[in-house]
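What follows is a group of structures, each given as structure tokens.
Note that chain A is present in both complexes that follow, paired respectively with chain B and with chain C.
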Partner chain A sequence: MNSNTKGNFLQGRFFGLIGIILLLVAPLPMPTYQQHILVLVLFYAYCASCWNIVCGFVGTLSLGHAVFLGLGAYISTVLLQQLSLSPWIGMFVGAIITCIFGVIIGYPCFRLSGPYFALTTIALGELLRIWVENNEYLFGVYIGGSRGLLLEQTGYQPVAFEFNGKIPYYYVMLVFLAVILYVTYRIKNSKIGYYLVAIRSDPDAAESLGVPLARYKLIAMAISCFMMAFAGTFYAQFFRYIGPTRIFGHALSVQIALIALIGGQGTVFGPLFGSLLLVPVTEFLSEHFGGELPGLNLFIYGVVTMLVVFYMPKGIHDYIVRFFSWLERLIGISKKPEKQKA
Partner chain B sequence: MNMLQSVLLSIPHGIIQGGAYGAIALGLSVIFGVTRVTNFAHGGMLMVSMFMFFELYTRLGIDPYLGIIVVVPIMYLFGMAVQKFLITPLLKRESGTTQDPASLLLITVGLNNALVNLAMMIYGANYRNMPTKASTSYLTIGDAVFVTQWSKVIAFLASFLLAFALWFIINKTELGKRIRAVSLNRDAAAICGVNVYKTYAIAFGLGIAAVAVAGACLSEFYFVQPSVGDTFGTKSFMIVVLGGLGSIPGALIGGFIFGLIETVGAQFINTTSASMLSFLLFMIVLFVKPNGLMGKN
Partner chain C sequence: MKRNTKMRILSMALVAAMAIGSLAGCVSEAPAESSSAPASSSEAAGGEASSEAAATGDVSEVKVGFIWPLTGGSATIGQQHNDGALMAIDEINANGGIKSLGGAKIVPVVTDSESLPDVGATQAERLITNENVPIFTGCYNSAVCLPVAEVAERYETPFVSQGGVANAVTESGYKWVVRVNNKATYDVEEMLRGIDLISEENGIEVKTYALIYESTDWGSDNAKIWKEFADERGWECVLDEPVTVGQSDMSSQVMKIKAANPDVVNVSFYTPEMIVFSKAMTANKCNPPLGIWSVGGGSQDPAYFEAVEPNEYEYNFVQEDWNVSMPYLYDWAAELNEKVIAEKGYNLNSFFAQGWTAAYVVYQALEAAGSLDKAAINEAMHGLNITLSEDDHTILSGYPAIEFDENGQNIHSTGTIIQYQDGVQIAISPAENRTPGYSVICPIPDDFDTRGQNSKPWGTPPEVAAE
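Showing the complex of A and B:
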């Protein structure tokens, strides 16, 4: 399933098309709360896709990716509050700084393998979280400490990344998601992607064939951090509040990683599938049972993770694609099932 | 009290705090060293054992030190079950292909999430403590110069006992010989007739039993709460890596370093910022000496 993606962007073309149309019109007839959940679905899908670029393709497990989200959020928000710079521009400033930060961090980290890499990313996340929680000022610039930064509501200002209602946010995120999916697709079907997959399957063999390990891992890291920072800006503008405990927190990092892994690491649409499956369920559960049973939603995450690791080690992506291809053949839309082998 | 005095006084406090860190990390060191499983559910297991002690204390009035007799065997079996039903199938599945540590890591992350949030559903997020005898009586040295709870002193001593017990089991018994053989070379041990997966299960059970002992000591002076294991779990990992994989003295020394750096550091910056120092130290050590301070080559 993975080997034939070239020239076959949408494997279940018919259902893929339906899916795109659904994503385009879905929030329009919905009440605000459902729209909110849909925005979250796209947001987590986007974050998981960013994570996927570095960790899904290279195979190293980062459990501190929220750091880059937080950095992006803080940079654009501080720029907005101190210099009244539009987040649309601040977003790119944040992305560039986060990207540089990610490469500096990635350089020593990528020498470490497996659990050491995961532990270092956790340590990094905790380090930054504790630091931000305990410092209200950075070089005299107010960053809020543990109280976080509150963005004042100023009304409808598209130039300043502020809209009325959820719908505009939804479409902004949808565009972001389309971009990251396209980037993932391009990476996957380019030299970088092939190199990264080679590094994942066997780093020693890849190196002996002349694949420069460090450089390609860092390229992936740079792209991932750059895109992750955009999500941070979106987070700040959408929730109008950033708190270090959540945005630099270990829980968010793990959540992002789990969505991508459950969806299917190293696939283009896996993170989106993972998010579509997990986010509505858990948001619904925390909305309805959050009072009596706090933690039920994260409990579900835990159980689903174990089940997926056990029964679908490659994630749900392959099963979903296979199901829809089968459905297509069943209702006779796809005339050439052997197209799968092309 | 001047600065120097308070710094000097923080050293024994730090060592005592480090004993608790070391005790928790010991179990992880055994698991990590033998099975190479990154057990991210370690903190969750600690939390489970602490809630068991809490239940025994509130329902039956049994002191956690006495409760060890009940809880440790249960946790040993629990650890064996986790290894047998969750981890061994993955090891068997992946033994043919290239080893994928991600799935082993993930299943323990999932287990931890499930355990912590199950406890959250049952007990809620409230902080509970047990006013036991050891936690309400104090050791005083001099004219109230150095005051600490007896339970902390006991925890400090227990960490040495626990380390000795684990060292004895691993280095001086027949079972330990098997454990060492498996950790050195899984396949060679299997050829020599060692039941690898059974030994893994025993090692995992031992590690979890050890963390239950640490849980008893910890619950005497620390609050009991579903997310209590989160920080301890992460830190014990760093302590184990700092001390060197699978090294039992290393885990204890790593614990002392963490305890010292946090308590002494808290004299200069505030307490919450001080735990930043231990993460920083961990990262520096890993970059400079990836095998840990006491690690072999």
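Showing the complex of A and C:
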């Protein structure tokens, strides 16, 4: 299946429908820890989808996207702690500021191509991390420096984005994910999406046909940053602690990019597939090998990731879609699609 | 079949195997088996069933959780904590387990925080909700201890915080958290008292100091508190140098220290940066008269001493989070030291000792509670009052006692300031702990050409004349 052609929102509708039902009911019978893992699956799928909008469609590689997550987390948390502003509102403030920041950064950076853009995003992440680590105050507002910010527990307060148990967090993240998937789908099947794909395929040709490269890259960047900030607020509220070393760190950025790359960049569901595979696998390996043979889990994870990158460079998305399409044909609920005419 | 196709199939097979494996792991319930070996998954006994059984005193095993940084920046330190904890559990089980629970054996469930806060918090979630541990300990890094304490508090599960010195760990109003070791304030107070002592003994007045530290929560916390205490003494800070982790060379930072010419330098780095720093200090012959004072971290790690030459740590002062004289003061500690050398290949050290003590505190809390009810364990844990003695192996870290204040901080957690003299750790401060027959070498001699030539291997005990 060509991921670049306009397709159904749920390619392989039958199993897509089953997938949606599973996502809706899966955590209900599960123990708390498994629910926690599912929340992380959705969280990383959401982050990778945000990354996918600017990197998957435009074809540039950002290895500093955690910066936008961190900004969203810090802004909503500072607003909560200093002004008692609900994170539900604070996350929109964070998203707007992060969006503006992303556009300001993207404007000069998108003039760079190839590895230079990736290097610039790495530098940006490091710059912000080091700055926050070494400054406890920003214009007189406490941001914690390297100690980070600890969110006090206040009990069950939905208005303050604090819930009992994992289920509410799961459904909040599921809504976030549904929104980003829909946004991705709309982008992919709109003029913006076609322009972005054209830019990714051949920027010079696209420009010669009148596609304003910088403008459309910046639009993608703005959407990506805006959405990424929400994930930051969610991270802060879910873990109740944010520290610059982790949240602005290179490792988190790479983790997010890797999920999208393994899943299938430039596709709607690729990041979700990547997260559904990598997050439980990480937890499984950590649970079974992390304590007894430290590092073995990371080694296995690394080897499999390398194999996938080498031999399935477009990610697992196409294989999964093909598999379920084949399964649908096998059980007779769909027919083999006719070959497209040249 | 083409090679690429084969590899593609192999990749797909591996991906499928991993996915199926992780799904299987999500739904499987492991059998309850007796084992003294660490269980990194749900292979050990315990859980809700054992909690219920414990209420009636009918339990054969109790799972206890451990979260250590077994990979990442603090891996070597975490591994030694883990070694100490597991050897302590072996000893406890060999001595009859938890007697108040009918001799129930402790089954350690070890997890890796990867030195990352969210990973640590996720592991805490797993220990509490999946493994159903009634009490757990860890995590060494302050940035991990903080979110893990949050998790412990949310699930009302007793947590013995080990290592994280950030004041917030015990000053955030947590009811289910205690800390056995020093907090950052105590660490710095000890160092400053040590400097006061040796400056008085040697008639050297301290006027200036330099701070160099990694720009993490631990390093910054230490530097900030050091400044507060030093300011009270009227000392002048001539250099405040936070350093980003991952440096491969610190020559420029050391040149700044030389230019600032402080009387004393305070350093806080974990192992990799401590190695780089020590090499740069020696290469540039930087020699503050009152020496280099380290707040532990990398300068307590055996891996550090394997990586540097003896002349690179000679005369340095280290705030050790344990009493380095333990193997010479207590027979059981001396025997343990021999065992650790034989089995692990290194001497008893701060990290091993603290891992050991944390595991013993967990055991003591369970023993005192006589139940797996978390509230009962928490009450028993907060009410512990253990004194260092030849008969009780709990306090290998050498604190005079363990007793928690209303915040859960051990009020007796003290360390020892040592100085390296010919490669041997000599206890310097407090004065009553000083190794008999030794005095402080101060001011630090400018003997870079000959320094360390007579050094003994790291871990060699001081020669103390019999009284």
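Convention: the second predicted complex is superposed on the first by the 318 of 342 C-alpha atoms of A that agree within 3 Å, B and C clash if a C-alpha of one lies under 4 Å from a C-alpha of the other, contacts with A are read in each partner's own complex, and residues count from 1 in each chain.
As a working rule, contacts are C-beta pairs under 8 Å (C-beta built on N, C-alpha and C of every residue); 3 or more make two chains touch, one makes a residue touch a chain.
Since the structure is predicted, the reported quantities are computational estimates derived from the model, not experimental observations.
In the overlay built on the shared chain, the residue A:Ile130 is in contact with chain B and with chain C.
Once the two complexes are laid over each other on the shared chain, residue contacts for A:Tyr116 go to chain B alone; chain C is not touched. Applying the stated contact rule after C-alpha superposition, one finds that A:Phe284 touches chain C and leaves chain B untouched. Annotation for chain A, partner touching more residues between chain B and chain C: C. Touch criterion met: A:Leu298 reaches chain B and chain C at once. Of the two partner chains placed around the shared chain by superposition, neither chain B nor chain C is touched by A:Glu328.
Contacts of A:Leu258 after superposition on the shared chain: chain B is touched, whereas chain C is not. Contact with both chain B and chain C is seen for A:Phe310 once the two complexes are overlaid on the shared chain. When the shared chain is aligned, chain B comes close enough to touch A:Asp202, but chain C does not. Of the two partner chains, chain B is the only one touched by A:Pro108; chain C is not.
Overlaid on A, the two complexes show chain B and chain C touching the same residues of chain A, namely 126, 130, 133-134, 294-295, 297-298, 304, 310. For chain C in complex with chain A, the touching residues are 4, 7-8, 10-12, 14-15, 18-19, 21-23, 25-26, 38-42, 66, 70-71, 75, 78-79, 109-112, 114, 116-119, 121-123, 125-126, 129-130, 142-143, 146-147, 150, 153-154, 166, 168, 172-173, 215-217, 219-221, 242, 244-245. Taken in their complex, chain A has these residues touching chain B: 59, 61, 63, 108, 111-112, 114-116, 118-120, 122-124, 126-127, 130-131, 133-134, 201-202, 250, 254, 258, 261, 265, 293-299, 301-306, 309-310, 313.
Contacts from chain B toward chain A in the complex involve residues 38, 86, 89-90, 93, 98, 100-103, 105-107, 109-121, 124-125, 226, 230, 234, 237-238, 241, 269-270, 272-273, 275-276, 279-280, 282-283, 286-287, 290.
Within the complex formed with chain C, the residues of chain A that make contact are 30-34, 36-37, 40, 126, 130, 133-134, 145-148, 150-153, 235, 239-241, 243, 245-246, 251, 276-277, 280-281, 283-292, 294-295, 297-298, 300, 304, 307-308, 310-312, 316, 319.
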